[in-house]
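Heads up, the next two complexes both have subunit A, just with different partners, subunit B and then subunit C.
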Partner chain A sequence: MAASLRKLGALLDKDARDLLKNPTMVVAVILPAAMILLYHFVYREPLAVADGDPAVRVLIDGLFLASALCLSVGMVVSMTLIYGIAEEKEKHTLRTLMLANVSAGQVALAKGIVCLATTLVVGALCFALTGVGWGMFPAFIALTALGAVPVILLGLVLGLASRDQMTAGLYGTPILLLCLVPMFAPIAPEAEAVAAYTPLGGVCELLRLLLEGSLTPEAAALPLAVTAAWIAVGAVAFKLLYRRLAQDN
Partner chain B sequence: MTGAILSMDAVSLSFKDKRVLDNLTFSIPRGQTFGFLGPSGAGKTTTIKLLTRQLAKDAGRISLLGRPIERASAADYERIGILSDTSALYDRMSIADNLRFYARLRGVSHGRVPYLLERMGLTDSAKTLIKNCSKGMRQRAALAASLVHQPELLFLDEPTSGLDPAARAEVHKMLGELRDRGTTVFLTTHDMAEAEAVCDRVAILNDGAIVACDDPEELKLRYARNRVVIRTRTRGTFEVAKDAAGADLIDDLMRAGELVSIHSDEPNLEEVFLEVTGREF
Partner chain C sequence: MEARQDQAAAAEGAAAGGGSAPARGQAGSTALPTEYASAADLVRGELGAGRSVHLECSRAAMRAAREAVQEVAGARRAAFYLEDDGGFDRDTVRSYLRFFARLAGDGAAAAEAIDHFGLRGRAGALVSKLTAEERVLLSFARMSLFDPEVCFCERPLLELGPDARQVVLGWIGARSEAGTLFVTCGQPLREALLMPGRAFWEEEGRFLAAEVDDADDDAEPAFEGDEVRVCKIAAKAGDVTLLLDPREIDFIESANRVNYASVRGELYPTALTMDELEGELERFGFFRCHRSYIVNVQKVAKVERYTRNTYNLVLSDARHSSLPLSKGRAEEMRDRFRWK
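Moving on to the complex of A and B:
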């Protein structure tokens, strides 16, 4: 137990430090933030109307928060987590770790924790840029964390399945797209029907209900179930595959 | 096989229908530097993979640290160090930071890092990022990382391949110190001179089978070619068998004033390999 914690500590420290030196990380932070800033220009007119109309306010805040959540989770997982693990496979540092008596589970746990923390930092930054009142912040961060769990589990599997950073790009794209669907729900009716069932659809719906002030146990049941189902899918996929995928001969 | 820290007994392995390791048997007593010698593709890396549980054997028995390999525990693996043919450290970290990371993983003090850097001739490049290191520096840094926890059993897969002669000498010196400290080393190499220089015992592997296994000196004596090399004034240089006919020939040459020199042709392991396998190394 003590040895496992010691190894986890060493891995966390290494992964966290590496993030600060890793150029892809800069993109994972800058892109979501830049998108939120862009929204302020794109939605200039609705934003002006929202100041006098509470119904529009709720709509536009929902749009901003869903985007902040989806972009943070999607970009950080696809850019840092999947690439990070793929790089360790490609350069054989993962195998070197495993030969030093570190288990694939410990490596994955450390990467997952660092990815979650990064997602929350990027999420907080994006939240600040949305201009939504800070009263929503605790709920936003909690839902971002909850929504990130299944995406991180799937990201770990895809990262381990990647042979190199090229394949990581290939595997990261569908995850990113899947994460971004709920962003378009408020503006595209076609997306709305699908969005509810994507990994982040549940938490985005909870966020909307909270903004509208209509978060009842009945209304929350389906989005929570969808989120729980994705967490289960991610956990099962991870459990079944991680050990086998960690090998690289 | 009592007292052996590592042994294989009739171990075989096939990839699909191709037999890669054929009936390997050897045992290594504690403290020995054992050389596993063979040309590229002979099965050296595959053998290390079996011994370190990266692959499972098809048949036979392997014992590691005195127990069947299937029962080796995580604690047992803390007593082992492995430098594989692909061992690699982190690109965006310095050599010293990589070693400190491995020391922390292994639960040993950072205090050993400066010593290891010094022994590997890396003190001056301690702060160099791995991505800016030469292949030889990376190899020595990876070797140092496999040594941070002072393993009692060390697997080294071609530790000096790609190193220049000076770096090779550093590694050989390090191997000498490990032996003095009682570390058991399983070393693969395709370099005969290296095996002769650092190993207490060598097994020669050819096409997945052990064709000879002994003390290097013993092997050289056993397979010593029974010849001397004669240099003459006008008839060139040639080999002569150490028998009666050879003696007569040498006698004639001496009487004729033709003989310039006689060398007893000391065989090296390279020639032993040629002798036992019938093919060039």
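Moving on to the complex of A and C:
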């Protein structure tokens, strides 16, 4: 147990340090933040209207928060986690770790924890840029963490399935797109129809209900069930595949 | 101890079951297995018997050997060096080794490993900026952190110059004396013979023991002094027959049942037997340092000793070649050339 914790500590430290030195990380932080800043220009008129109309304010805040959540989770998982694991496979460092008596589970756990922490940091930065009142921050950050769990599990599987960083680009794109669908739900009815059933659809719906003040156990049941289902899918996929995928190229 | 002997007996029994047959140079009374049907059988047999083993083999056999080492090592502390090991590019030598030292449970050991493998001057360098030789040294430094009981290395000496080779062979020798079992793969037989333990070579999927040196099995021809006479060694280069001046020859190597003369780093096959070559070349200052090697003593730059039973001759030829010097012949060589 002590040896496992020691190895996990070493892996967490290594992954966290590596992330700070990784140029891809800069993109994963800058892109969501830049998108939120861009929204302020794109939605200049609705924002002006929202100042005097509480109904528009709820709509606009919902749009900004859903975007902040989806961009943070989607960009960080697809750009740091999937690419990060693929890079380790490509350069055989994952194999070196395995041969140094580190288990695939320990590697995945460390990468998952670092990815979750990074997602929350990027999410907090994006939240600050939305201009939404800080009263919503605890709920936003909690829902970001909850929504990130299934995406991280899927990201771990896809990262381990990637032979190299080129393949990671191929596998990461669907995850990113799937994460971004709920962003467009408030402005595109077609997206709204499927958004609720995407990995982040449940938490975005909970966020909207919170903003509207209509979060009741009945209303929350379906979004929570969708989120739980995605967590289950991610966990099962990870459990079934991680040992096989964590093999040498 | 008893269990270990049982394990050794069982392993040797398994080797016999795997189709062992006497190969060239079989050591008579000790009856060590001289042939194995596969790399996996070889590793299981030799490691199981507590012997280090070194293979001249194909890439596929290297992989099979590595998997067998993983299987045999089990819960024992094992360390692996694979020739395409990358390393975390954004790490420095220091941070890379500190990370593995933490994994191994002794964070302070990294500095010692850096010093031991001569990486102090490169401790702050990024792993991605290291030369091929420095990467190998880094990998050996990493392995040293785990205080391994079993060590697997692919082509360990391939990228190493004379100094780095000395560091690595020195470490292998010291660890071997301390009880670590080594399995090395993919190197030429000459390099395999430099390591402590037994050497094998692959022929059509089977693994044959390299000639075991036995100083007593052949009557050595008497040394006849420094009489000089005309002598040329016939060797092949494509369709051309070369007549080599003995003074140009750095050493003679016997590998895969063919004898080669090494001249300026190139190997030329010759039809003469090792005994014939030894008889012809002895008067030109050549010495049979191993059953498979005859060295031009004028080209020997230094004699290295890594374990009680392991001697190497380092030549001043184009490739700074290292040749094995059998324990039994080391004394004879000292006497003949009056080395104190």
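The definition used in the following text is that the second predicted complex is superposed on the first by the 248 of 249 C-alpha atoms of A that agree within 3 Å, B and C clash if a C-alpha of one lies under 4 Å from a C-alpha of the other, contacts with A are read in each partner's own complex, and residues count from 1 in each chain.
Keep in mind that, in the parts below, a residue touches a chain if its C-beta (ideal position, glycine included) is under 8 Å from a C-beta of that chain, and two chains touch if they have at least 3 such contacts.
All of these numbers come straight from a predicted model, not from anything done at the bench.
A.B. asks: Give one word, clash or fit, describing how subunit B and subunit C relate on subunit A after superposing.
C.D. replies: They clash: once the shared chain is superposed, the two partners overlap in space.
A.B. asks: Taking the superposition as given, does A:Thr216 touch the first partner, subunit B, the second, subunit C, both, or neither?
C.D. replies: In the superposition, A:Thr216 touches no partner, neither subunit B nor subunit C.
A.B. asks: Check whether A:Lys7 is in contact with subunit B, with subunit C, with both or with neither, and answer first, second, both or neither.
C.D. replies: both
A.B. asks: Could you point to the stretch of subunit C, among 217-225, 235-243 or 289-297, that collides with subunit B in the superposition?
C.D. replies: The overlap with subunit B comes from subunit C residues 289-297.
A.B. asks: For subunit A, which residues belong to both interfaces, subunit B and subunit C?
C.D. replies: Looking at subunit A, the two contact sets intersect at 3, 6-7, 9-10, 13-14, 17-18, 21-22, 91-93, 95-96, 99-102.
A.B. asks: Over in the complex, which subunit C residues touch subunit A? Could you list them?
C.D. replies: 70, 77-80, 82, 84-91, 95, 99-100, 102-105, 142, 146
A.B. asks: In the complex formed with subunit A, which residues of subunit B make contact?
C.D. replies: Residues in contact with subunit A: 49, 52, 54, 74, 77-78, 80, 82, 84, 86-93, 101-102, 104-107, 142, 145-146.
A.B. asks: Which residues of subunit A touch subunit C in their complex?
C.D. replies: 3, 6-7, 9-10, 13-14, 17-18, 21-22, 90-93, 95-96, 99-102
A.B. asks: Using the touch definition from the top, list the residues of subunit A that touch subunit B in their complex.
C.D. replies: 3, 6-7, 9-11, 13-14, 17-18, 21-22, 91-93, 95-97, 99-102, 247, 249
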